[in-house]
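The next block holds one structure in the form of structure tokens; read it before the comments.
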Amino acid sequence: MANNSSIPAKTLSCRTEVKIRFCEVDSLRIVWHGNYVKYLEDGREKFGDQYGIEYITMYKNGFTAPLVDMKIKFKQSVTIGDTILIETIYRPTQAAKMVFDYIIYNKSDMSVVLTAETTQVFMSIDGELQLNNPEFFQKWKERWGC
Amino acid sequence: MANNSSIPAKTLSCRTEVKIRFCEVDSLRIVWHGNYVKYLEDGREKFGDQYGIEYITMYKNGFTAPLVDMKIKFKQSVTIGDTILIETIYRPTQAAKMVFDYIIYNKSDMSVVLTAETTQVFMSIDGELQLNNPEFFQKWKERWGC
Amino acid sequence: MANNSSIPAKTLSCRTEVKIRFCEVDSLRIVWHGNYVKYLEDGREKFGDQYGIEYITMYKNGFTAPLVDMKIKFKQSVTIGDTILIETIYRPTQAAKMVFDYIIYNKSDMSVVLTAETTQVFMSIDGELQLNNPEFFQKWKERWGC
Amino acid sequence: MANNSSIPAKTLSCRTEVKIRFCEVDSLRIVWHGNYVKYLEDGREKFGDQYGIEYITMYKNGFTAPLVDMKIKFKQSVTIGDTILIETIYRPTQAAKMVFDYIIYNKSDMSVVLTAETTQVFMSIDGELQLNNPEFFQKWKERWGC
């Protein structure tokens, strides 16, 4: 008999591309590591656009979603003229959190530039941490089956 | 007979130092030109601290002071490990504006790295341009005799 | 009779779009003014791509083209979610310089966000200012009739 | 009898302060999370200055030290006008790596803003990963007894 718990949650993910800018490269002629945090945000913004959970949607519902945790493993460098492909994958979780995994590829050969994960919590606009999923987010999860 | 108009307004200016960061230098091993906009802001923030006209003071009085004009002449480059000295000079004006001149020096030999000027206007918090000096700014000018 | 000197140089220009990022907006909820320097560079990079005069082409020919002058007039602000359209226009000049004019529009209604101009000179890789046009640039001008 | 292995390695650490800039704060009026990567670099640069292992020293010895891993736990936000204190702690390791732990405090009450760790490896200037400690680093470790 089918058991709901054995049905894996649907994987939600998206891809977006960024062409490396001159000003993002450091004196060693590689992208300065801090710029990748911006690219991860590009990934989340694209995800928000694609699945209807943009920053602005959250804000209109009375919430923000600050990062509480970020882990990055740098595998390989990229430089001016390279284009990277950012893959952003939603990781289903029970807790009142949003967790994303990321893989950034060098688009030319799809070699892995970095892997990362970020965790966000929900805060009300007046700064109170939410221990349960806000209603808008619960509905969003149901809508996408995750 | 003395004529008040011949008395030059007092010159208000300040100096602040910044040590160049690794991440501010580009692939040509010089500070990326866009970073100087940040250093000019450092100059204005220092000026605000020193003369009691910080961003936060303006904001509490109900105003912001957006830039409407910026001109920069780049004379010479600096690199990692260099320290720059930012001189910020208030330029008296009748109009409802704040105008600053800047000279950035390489601290090691006081050679000129750039000269710049910026013009700011006053906006109310709800976005209305002020054609006359806000009261708090008029008082500030009187206090400093400029 | 036709007189060559009366034929205006061909106008070379290009357009590129940028969607405003969350991290480019300041505490007043508008793009921080320093970020526009990056968008002007985006304009020049697009121009370089389109007309075959990228940074990397210059570098391979043994030259860099540092900015010596930048003027920006800020007309209007943009915010998160806005898309800007950067128009970059090459201004013909006899001197050994590259001069660009820029207009940045809010794409939604094509209202003007800013106008700007930048001047670049040519330096050899070992840092010597070029008083005459480098050969690669002279050829580029002839190719495009400007 | 004394056993060398029971003598803990000396703890090398340093502290440096940063005053938050207007342009480092986002539309939620808190420091944009990506800027903390810059502050961690400020911590490492200060450490390098204090203990004689600056970026420039490595480079002159023929090496760079790219980050391969970065983990950040964000505990609390800071805003314009706040000053942070960055504590950077060298973590002794046998491997050919440099590992740092960080605690960033809000200077006003010494509450913890974030904790972080970074791992760097050594690469020769021509891009080869070093599996053993470069000589200059081995000497540095001996000098400081760690």
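For this structure, a couple of remarks:
As written, the chains take the letters A, B, C and D, and residue 1 is the first residue of each chain.
In this section, a residue touches a chain if its C-beta (ideal position, glycine included) is under 8 Å from a C-beta of that chain, and two chains touch if they have at least 3 such contacts.
Keep in mind that this is a model prediction, so the values were computed, not measured.
Set against the Cα centre of subunit C, the chain with the most distant centre is D. Counting C-beta pairs in contact across C-D and across A-D shows that the higher total falls to A-D.
Interface subunit B/subunit C: over half of the residue numbers present appear on both copies, so the contact uses mostly the same residues. Of the chain pairs C-D, A-C or B-D, the one whose interface repeats that of A-B, sharing more than half of its contact pairs by residue number, is C-D. Centre-to-centre separation between subunit A and subunit C, using Cα means, comes to 32 Å. In whole angstrom, the spacing between the mean C-alpha positions of subunit A and subunit D is 26.
The mean-CA centres of subunit C and subunit D are about 38 angstrom from one another, to the nearest whole unit. With touch defined as above, residues shared between interfaces to two or more other chains in subunit B number as follows: 22-23, 34, 38, 41, 80. By the touch criterion given at the top, residues 21-23, 38, 41-42, 45, 54-56, 80-81 of subunit A touch subunit C in their complex.
Residues 28, 30, 33-34, 37-38, 41, 64, 66-75, 77 of subunit D are the ones that touch subunit A when the two sit in their complex.
Taken in their complex, subunit D has these residues touching subunit C: 22-23, 25-27, 29, 32, 34, 79-80.
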